[in-house]
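All remarks here apply to the structure that follows.
The chains carry the letters A, B, C and D, assigned in the order they are written, with residues numbered from 1 in each.
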Amino acid sequence: MGILRYTVYRLIQAVPVLFGLSVITFLLANSMPGDPVSIMLAETESDPELVAALEAQYGLDRPLHERYVNYMIGLAQGDLGYSLYYNEPVLTKVAERLPVTIMLVASSFVFAIATAIPLGVIAAKNRNQPSDHASRIVALIGVSTPSFWIGLMLIIIFAYQLGLLPSSGMVYPWHSPDDYRFIDSYLGIGSTQVGGITLPWLEGLYYETARHLILPTLALGTLHMATIMRIERSSMIESLHADYVQLARAYGVSERKIMRKHAFRVSQLPIVTIIGLNLTTALGGAVLIEEVFAINGMGRLIITAIQNLDYQLVLGTTLFFGVVFIIGVIITDISYAYIDPRVSYEEDS
Amino acid sequence: MSDATTVGNDTGDIEAGETLMEIDHVSKYFSSGSGFLSGFFGSPDVKAVDDVSFEIKKGETIAVVGESGCGKSTLARTVLQLLRPTAGSVRYKGQDLTELSDKEIRPLRQNMQMIFQDPQSSLNPRMKIGQIVEEPMKAHGLYDSEGRTERAKVLLNKVGLDPSHYNRYPHEFSGGQRQRVNLARALSTDPDLIMCDEPVSALDVSIQAQVLNTMQELQDEFGVTYLFISHDLSVVRYIADRVAVMYLGQIAELANKEELFENPKHPYTEALLDAIPVPDPRATNARGTLEGDVPSPINPPSGCRFRTRCPKVIQPGALGKEPTDLPDEVQAARLQSYELEPAVWQDTLAFTRAVNRRSFVLDEGESDQTEISLPPEEVRTRLESLFFKNGWPEGEVERTINAAIDSLSNGEWEDAATLLSNTFEENSICAIEQPTYTVAPERGDIHVVNCHLHR
Amino acid sequence: MTDEPILTVENLKTQFFTEQGVVRAVDGISFDVYPGEIVGLVGESGAGKSVATSSVMRLVDNPGEIVGGEITYKNKTLVGFERAGDELVPRDEMLTNEEMRTQVRGNEIAIIFQDPMESLNPVYTIGHQLKEFILLNRELDKKAAREEAITMLREVGIPEPEERFDDYPHEFSGGMRQRVLIAMALACQPELIIADEPTTALDVTVEGQILELVKELQEEYGTSFLWVTHDMGVVAEICDRVNVMYLGEIVEQATVDELFYETQHPYTNALLNSIPRPDQTIEELVPIKGVMPEAINPPSGCRFHTRCPDAREVCTEIEPTYSEITTYDGWPHNASCLKHEDVGYDVSEPIENEARKGTEGTEVVQ
Amino acid sequence: MAHADPDTQADVEQEPVDDEFEAKVGLSYTLAKVKQDTTARLGMYIVGAVIFLAAFVTIDSNISTLTFGRIDNFVFAENVLGNHPERHPPAAEAETTLPPFFADGGVLSHPLGTDIYGRDYFTRLIYGSQVSVTVGIVATGIGLIGGTIVGAVSGYYGGWIDDVFMRTVEILYSIPALVLVIVFTVFVSGGRPDIQYAVIGVGIAFIPVFARLIRSRVLSVREMDYIEAARASGVRDRNIILRHVIPNSFAPVLVLATLQIGVTILIVAGLSFLGYGAQPPTADWGQMLSSARGFMLPSPWLSIWPGLAILVTIMGFNLLGDGLQDALDPRIKD
C-alpha cells in the first residue's frame, strides 16, 4: 500500500470516530442544564410567546434525534451552529479565536521540542552524570508543576517584579497597530526604540506579539518539554545500546557521528507519536493558560460558552477540538509511517 | 506406584503401537490483515498448514521437523485444538475433536499436555513450582489437595528435581530445570500425549542432553506419547521414532527415523541433511546447498512447494507420454517434452534461476547490470562459459534461450527471467500437480515422499 | 608455521564490576590467529566468548573493563599494560581509542554479530549502511563505493543486488541480513574478521549456505577468521584450529582434527559426548551433569571440577596450568588439566561431585 | 534488551537468590527494592507525608462539606501550628493579611502568612492536601476499576467488542480531558459544579487510560507460553484470567495508577482554578490559587504556596511511580 492509499485508509478509519465524536459531544452539550433561550433572555421579563418563537427559530422544540440530524446537515454545509450568547454564528467565533490558540500551541511546541531534544540527547549521552541528573530533575519538575501555576509565577516574576514582559492580553500581528495604541500604549507599542537601538516602526506588530507570547509559551510548553525530554532520553539510551550502534563502532564510525546519525534518527520515532498525542493535552492546557494570561483564544471561548450554557457554541468548539486532534493523530501516523521504514502501511496499529 | 501416581483414562484404553490420533487433511489458514477495514483492502490468507495427514501411535515419539515458518508449531497447536483447523479433522481415539466445542474438549485435555520452547515464559513467574505442577490436576478435579501435593512432589523427583523445592518460584531455577518443571506439569494428569514444542532448543548443549535423557526415561516409565516439534535434525535423530519433514505448510516426507536419515527420498530432506554441520572434522560433507529463501506462505508455489528451490526439478514432459486419467493441463505438460540430456537440463535450470536472481554479471565493468548493452554474441559466449559447460541445448529450448539472450543484451533482465521461468519452470510437472506418493520403505513400516520423482 | 600470527592474545583478563561483585568474564586467556586461518572459539553460554571478542576490538561496555593482558595485532599493541607501583597502567604504545577507531576497527579487523535482525540500523537502507562503512574504511569515492557495495552484495548471493541496494533491513530475511553483514565485513577488506556466532540465529539450510559462502570467500580473499560458536558441528566444518572455553578460561586448544580425535581435556570430551549427531543414531547421550557455575565466584582449583567425571581431590585444590601437551604437524595442542601434570592426580581420590550424583540438575541456581 | 554482549549478560543477570523465597515477587520485595533507590525513597517519603497530613484532618469531614477547626483536636497540629482561632474566616479580620514569617511583618505563628480573610495559610494548605489526595486517589480508583473492567473485557474477547471499545476510547481521547470534565461536571451538577462531580468526571475521563494499558497487558500476557500451557492443560478461562493474566498484569497498572494520581491532582487543581472544582470556602489548592489571583501583586505568597504544595505532592507520586517501575521491571537496570 502506498502512502497515499494509507492516508485514505486512515481517513476512512476516522469516519466512525468522527461520527461517534459528534454524537457524544451533541449529547453532552444538549444535556447541559438550563434553558438556552431563557438564559438569552436572562435580563428581560420572560414572555412565553417570545420563548416559544425563539425555540422554534432555533429548532429547540423538536426531538433530540431530529435536532442532531439537522445539526449534522448544517455541519455538512459548513454551518457549525449559532451562538446565542454572542449572537453570531459559531464558525465566525471560531475563526476569530482560532489563530491565537494555534499561535500559542505552536510556539509552545516549538519551544518544547527545541529545548527537550538537545537536553534529552545530552542526558542520554552523559548517563548518570551531573548533566543527566540535572536534566532529569528539570523534567521531573516539569511534569509535576501545574502549567497555570507556572503562568502565575512567571507573571509575578517577569511582569510584576521585573516589569520586563506583559502580564496579560495578546497582540495579534495581523491586526492594525492602531487597535492597540490606546490600550497598551504603556507597553511601548509604536516606539521606534528597542533596547536603545532605533528601528523603523515594527510593522505587523511582530515584536509585541513575541513579547506577549513568551510567558504563555513557557507556561504551556514546560510540561511538553519535560515529557518529550524524558522520552528522548530513554529512547536515545535504548538506541545507543542497540546492536547496530555497536556495529557502527566496530567499523570505526566516530562517536560524534554515531550520536548524530545512527542513534539519533531511530530515537526520534517515539517522539513523533508523543507529539501527536500531546496535542489534546496542549489544547486542554491552552484553556487554562488563556485564562491566566487573559488571551481571547479558543480555550476562553469554550469556557465562556460553558459558563453561559451556550450549548451550540460548546458543541461547535468541542467538536472542533476533537476534529483537530483526530486530524493531528492521522498526520502523526502518516509522518511516522513516512520516517520509519519498518511501519508497513498495511498494518493497522 | 501409589494412588497418587496413576490416573485412570476415561476413554477406552489402547495398546502401545495402536493409533492414538489421526490427523486427516488438516489445514490452517490465517488472515494476514487485522482490524475492521482489512476486508476492504483485501488480505490474503497465510497458508500456515495446508492439507496435512498423519497418524500418531501410542507410545511413540513422532517428530515434526522443519525450518522456521514451515508451520510445524501451528500444526502441533492444531492437533491439540488450541487452534481450530480451517479444514480437515483430528481424531483422538476415533473421536473427531474438530466437531467438539471448546467446552467439550476441555475434559479431554487431561490426556493431551504440552511443553514449550522458552523456559523463561512457559512458567508463570508468580506461581510456585508446586502450584504450577498441581494446576492441571486441579483443573480436572483429580485427587484432593493432599493427593495433588503428594503427586507433585513425586513428579518433581521423577523429572530430576528436589521435591523440597516445591515452594520455590521459577526464577530460582536454571533453564534446564525449568524445562523439567514443565515436564512434571505435563505429566501430572498422566496424559497419553505430550506435545513438545522445541523443548531443548533454548538450552545449552550440555543441558540439552540432560533434558532429552530425562524425557526418554519418563517415556519408558509412563508410556507417554511425544509429538516432538523441532528444527534440529540431530536432536530428532536422537529422540524420535518416526519423523515428518515439513516444508511451507506441507509434509514433504514422513518415515521411520532410520529410513528417513539413511534413505532420504525427498530432495528437501536430502538438502536438510546435507546442510547440517556434522560434529566430525573427518566427515566428508558433500554439500549441495539450497538456493534462495523459503517463498511466502501467502502465495506458495503451485504444485510441489519445494520446486522453486529444488535442484531436481523434472524437465517438462519428462514423465512419459503414456495416456493416463490425469487432467488435461498435466497431460499437455507431459507431452511437450524437450528431451534434454539431464546435465543440460540442470544447466538450463541453473541458468533460469540465476537470471531470476541476477546473481551473475554479463559486463564486469558495469555495477548496474540493468544498464548494459552488449552484442548478443558476446552474451552467448559469456553464458556458455558460465552455465552451459555441458553443451548448448537444442531445438525449441535453444530458441527460448536465444530470445532470453536478446533481452539480456539490452539489460532487460526482468523480461528474460519471465520468459525462461514460464517456459522451463512453470511447465514442469512439479509446478502443475501436487505430489502425494508413498514408497515401500527399506526400514520401518511407512514412507511418504511427496515428490514427483517417486511417483 | 613460517608466518607470524596476525593476532596474538596473551593472558587477557576482562572483568565486570557489578553490584554483586566482580565478574571475571575472561580470566587470563591466550590464543593467536595466523594469516588465512579460521580459528574457533567454542563454549557454552556464559563461557566468556563474546567478552573475549569485544575485548579484542576494545568495545567492552560499562561496567566491563580490560584489566590485564596483551593483545597484539600486526605489531600494533591493542592492549598492553605495565606495572606502575602497585597498579597496572596502559603502556605508551597501546593504541588510543581514536587510533583503534581509525586504524583497526573496520579496515583491519571487522566483526559480524550474532543477531542479524538487530545489527542493521532500521532507518537506513542496506546500501546506505554498506556504503558508509566502505567510505570510512577504504579510499574510494562515493560512486566507486556504491559500485563496490553492489558487487559485494552480488558476491554474497543477494539476488537482484542493484534493486536490493535501496531496500531497508526489514525487507530482508534473516539469512539475507546475515549475508549483508558478511558483505560489510568483506567490503572493508580487513585481514581479520571476528564472527560472533554468525549462524546461530539462522535455519539449518541458511546456515549451510552461509558456511559454504564463507569457505568460498575465505579461499578467494585469504581473510583470517576468529569464529565464535557453541556448535561443534560448525567447528568441525569450518575451523582450522579450535580454542575451547569454559568459565572464562581456555581449557584446550588444538587443530580441529586433534581436538576431536585426540581430546585432552575432560570438558571437551564431555561436550563432544553430549551432542546428538545427525549422521548416526546414538543410543544414549552422556550429558554433562549440573550447570556451569557463575564467573562471579568460580570454583577453586580446576574450574571444571564440580562437573568433571574425572575429578579427584587434587582438582579442587590445584589450579591446572595451560600448557602444551603434544605437537601435531607443527601445531601445539594445549590443555589445562591436572591429568597431564605431575601433581599427584593419579594417587588422588575421586571426589563426589555432580557428575557422579544420581539426580541431575537438582541444585538451584545461586 | 539490546546489549552488546550476551555472554556477560548471562553472567551479570544471574542475581544471588535470598533465602526468602517469597521475596522476589511479592509486595515486600518491591518495597525493599523501592527503598534501595534514593529517588524512589524520597518519593515514598513525600507521598507518605502528604497522605499522613491528609489523613490526620479527615476525621469527620467529607469532601463537599469540609469542616474547619477540627484540627485543634490533634496533638500534632497543635504542636506545629499552635492554637489559632483566626483560622476561621471572620470577616472583620479581612484586612489582616500577613506575609510569611521571613518577610517583613510576618509572624512565626503564621509561618506561611494568612490569606485575605486572615486565615492561617499553612492550615489551609494542609486542608488542601486532604482534598487533593482524596481526589487523586478516588478519581484514580474510579479510572482503575472502570478501566480494568473495560480493558479486560475488550482485550479478552477481542472482535467487534474490542473494535467498538477502541473507537470509543479514541473519541474520548480526542476531547481534551479538561474540557470533557468541565462539560460533564456542569451537566451532572445541573450547573452547580463542585468537587465531587469533578472527581467522578476525572475518574471517568481516565477510564480509557487504564483500559488501554490493561488491554495491552492482557493481549501481551495472553501470548505468554504459560497461558497456552494452562489452556492446553484444560484450565478454565476464568481461572486463567484470575491466576495468570491478572497477577501478571498487575505491575504496570500499579505504576500507572501511582503516576495517574499525580495527573489527577493536576487536572483537579486546574478545574478548581477555573471554578469547576472545589468551591469556596473549601480549601483546595487549585481553588486557593484561583482566589489568590487577584492579589498577585500585593500578596504573591498566596499564589506561591499552593503551587509549591501541588508541585511537591505530584513530584512525590512521580518519583514513587518511577521507582516502582524500576523495581517491578527487571529489564530496566542501570
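The rule we apply is simple: contacts are C-beta pairs under 8 Å (C-beta built on N, C-alpha and C of every residue); 3 or more make two chains touch, one makes a residue touch a chain.
Every value quoted in this text rests on a predicted model; they were computed, and no experiment measured them.
Colleague: When all chain pairs are ranked by how many C-beta pairs they have in contact, which pair ranks first?
Modeller: B-C
Colleague: With chain centres defined as mean CA positions, report which chain is farthest from chain C.
Modeller: Between chain C and the rest, the longest centre separation is with A.
Colleague: Go ahead and note the Å separation of the Cα centroids belonging to chain A and chain D.
Modeller: 25
Colleague: Whole-Å distance, chain A centre to chain B centre, using C-alpha means?
Modeller: 55
Colleague: How big is the gap, in whole Å, between where the Cα atoms of chain C centre and where those of chain D centre?
Modeller: For chain C versus chain D, the centre distance works out to 52 Å.
Colleague: Can you list the chain A residues in contact with two or more other chains?
Modeller: Chain A, residues with two or more chain partners: 241-243, 246.
Colleague: Which residues of chain B are in contact with two or more other chains?
Modeller: 35, 168, 172
Colleague: Find every residue in chain C that makes contact with two or more other chains and list them.
Modeller: In chain C, residues 45, 59, 61, 118, 364-365 touch at least two other chains, as defined above.
Colleague: Tell me, which parts of chain B touch chain C in their complex?
Modeller: 67-68, 160-162, 165, 168, 172-174, 176-177, 180, 204-210, 212-214, 231-235, 237-239, 257-258, 261, 271-283, 285, 287, 289-290, 292-293, 356-361, 367-370
Colleague: Which residues of chain A touch chain D once you look at their complex with the stated criterion?
Modeller: Chain A reaches chain D through residues 16-17, 20-21, 24-25, 28-29, 31-34, 127-128, 140-141, 143-149, 152-153, 155-156, 160, 238, 241-243, 246, 280-281, 283-285, 287-288, 291, 302-303, 306, 309, 314, 318, 321-323, 325-326, 329.
Colleague: In the complex, go through chain D and note every residue touching chain A.
Modeller: Counting only chain D, the residues touching chain A are 1-4, 167-168, 170-179, 182-184, 186-187, 189-191, 262, 266, 269-270, 273-274, 286, 289, 292-293, 296-297, 300, 303-304, 306-307, 310-311, 314-315, 318-319, 334.
Colleague: Flag every residue of chain A that touches chain C in the complex, lowest number first.
Modeller: 241-244, 246-254, 262, 265-266, 269, 339-342
Colleague: State the interface residues of chain C toward chain A in the complex, per the touch definition above.
Modeller: Residues 57, 59, 61, 101-102, 104-107, 110-111, 113, 115, 118-124, 132-133, 136-137, 168, 170, 181, 184, 188.
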